[in-house]
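Here's the structure, in structure tokens; my notes come after.
Labels A, B, C, D, E, F and G are assigned to the chains in the order they are written; within every chain, residues are numbered from 1.
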Amino acid sequence: MLDVLKPHYPNAFDFSITLADLDEDHRVKLTVVEVDKKTETVILVIEGRDIHYDAIIEAIKEMGATVHSIDEVEVEGTNSTV
Amino acid sequence: MLDVLKPHYPNAFDFSITLADLDEDHRVKLTVVEVDKKTETVILVIEGRDIHYDAIIEAIKEMGATVHSIDEVEVEGTNSTV
Amino acid sequence: MLDVLKPHYPNAFDFSITLADLDEDHRVKLTVVEVDKKTETVILVIEGRDIHYDAIIEAIKEMGATVHSIDEVEVEGTNSTV
Amino acid sequence: MLDVLKPHYPNAFDFSITLADLDEDHRVKLTVVEVDKKTETVILVIEGRDIHYDAIIEAIKEMGATVHSIDEVEVEGTNSTV
Amino acid sequence: MLDVLKPHYPNAFDFSITLADLDEDHRVKLTVVEVDKKTETVILVIEGRDIHYDAIIEAIKEMGATVHSIDEVEVEGTNSTV
Amino acid sequence: MLDVLKPHYPNAFDFSITLADLDEDHRVKLTVVEVDKKTETVILVIEGRDIHYDAIIEAIKEMGATVHSIDEVEVEGTNSTV
Amino acid sequence: MLDVLKPHYPNAFDFSITLADLDEDHRVKLTVVEVDKKTETVILVIEGRDIHYDAIIEAIKEMGATVHSIDEVEVEGTNSTV
């Protein structure tokens, strides 16, 4: 569970699709928790086998957003949720 | 999950049917959260395989309604919920 | 989910049976939320395949009741809940 | 779901058994919500196939109790809950 | 569900075992809700096929306790919970 | 469910293992509810077939702890939870 | 369930992976509950067959963190959760 600050574009739908497409079995859930003039704060949950944390952070940055904090991590064998 | 402002007609039932008919496997849930004189605010959850976000927005506009915000997105493989 | 104002008779039991009998697979749930001298406010949930919204409204009116508002709609293929 | 005012005797156990025995597949749940000197208010949920509302009311009266109100009804095919 | 006032001995564990042993398929759940100097108030839930209410009351009395009230009864065919 | 006052050592992990090892099928859940300078209050739930209450109390005492109260007991055939 | 104070690095993701890798079937869940300038307080739940408590404590220390308290323990046969 990541706390992320993103600009309005790409919108939440395109933003989620991009992260889900990073790997074949990624499941992405995005919840908008606050909307400001130019930005919105979203909570991201990304679930998958063999998650590459750095690649996710990289993709988030490329869309103009920043990760404020990691709020929750779950690891079970090769599956993880961040 | 979309936050939408719609006029009273088409009513919530016809509005939902129209969005569900956009594609064969769409599942639509509409909840009215506020009713005003000429409009009502509804929360829409649309679930399906290979959702076309732009087609949904288009259909919503054609019924005289506007999308205020995307509140939640979930993507898993080719299935998404918006 | 419909918000309905009905007279005390037909009572909640007969009222629900009538709506359930409109079609073979209708499931009806009625909850009384307020009781006044001559009327009662009830929340109706009607679930079924191929629901005919107009026929339901008609049956409700014939029993002397009126639909205040549609509060929730769910559509999935040919099944709907109103 | 029926809101019922009953005398202390027959007690809640015997009262429930009597209603459950009205028909072979009746399921009865009784919850005492208020106890007064001579009476107690109970919430009754009666579930079964092909429920005869009038026979239930009759049996309740014969035990010296009265139905204050019907609070909830659920009908699905020949099964109902009152 | 019975509201019962019992002395501290037999303790809650022995008290429950005694009631469970009244019949072969009895399931007993005891929750202590208040502890006083010489007594404790417990909530008893007894579940089984063909429950003999009078035999339960008798056994409770023999252990020096008294039933304050029946709070809930559930009857389904030959199974009941008191 | 037992309300127990224990010293900090043996720690909650070793304390639970000891009780679980009393019999082959014991399941033990320990929750710390208050921590003081020299002691901690824990809630213990012990589940198993044919539980020996006295043996549990004995083991608890041998680790320097005392049972304040039994809060809940559940008995079903030869299985019990205390 | 362990209450742990850790420095910001290794981050929550790497921290969890390290603990999960201690044994083949470890399942780790980490929740950040408070973030300070140089440290963060996290709640750790570690589940597995034959958990070695001391090895976990050791690994936590090696990453510069300290265990404040054990909040919950569950033991069932050879499986435990701490």
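Convention: contacts are C-beta pairs under 8 Å (C-beta built on N, C-alpha and C of every residue); 3 or more make two chains touch, one makes a residue touch a chain.
All figures in this text were calculated on a predicted structure; none of them were measured in a lab.
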Set of chains whose contacts include both chain F and chain B: none
Homomeric contact chain D-chain E: same or different residue positions, threshold half: different
Rounded Å distance between chain A and chain D, as computed from the means of their C-alpha atoms: 53
Chain centre separation in whole Å, for chain G relative to chain E (CA means): 43
Chain contact graph, described as a line, ring, star, complete graph or other shape: ring
Complex contacts: residues of chain C adjacent to chain B: 53, 69-77, 80, 82
Residues of chain F touching chain G in the complex: 11-17, 19-20, 24-25, 27-32, 35
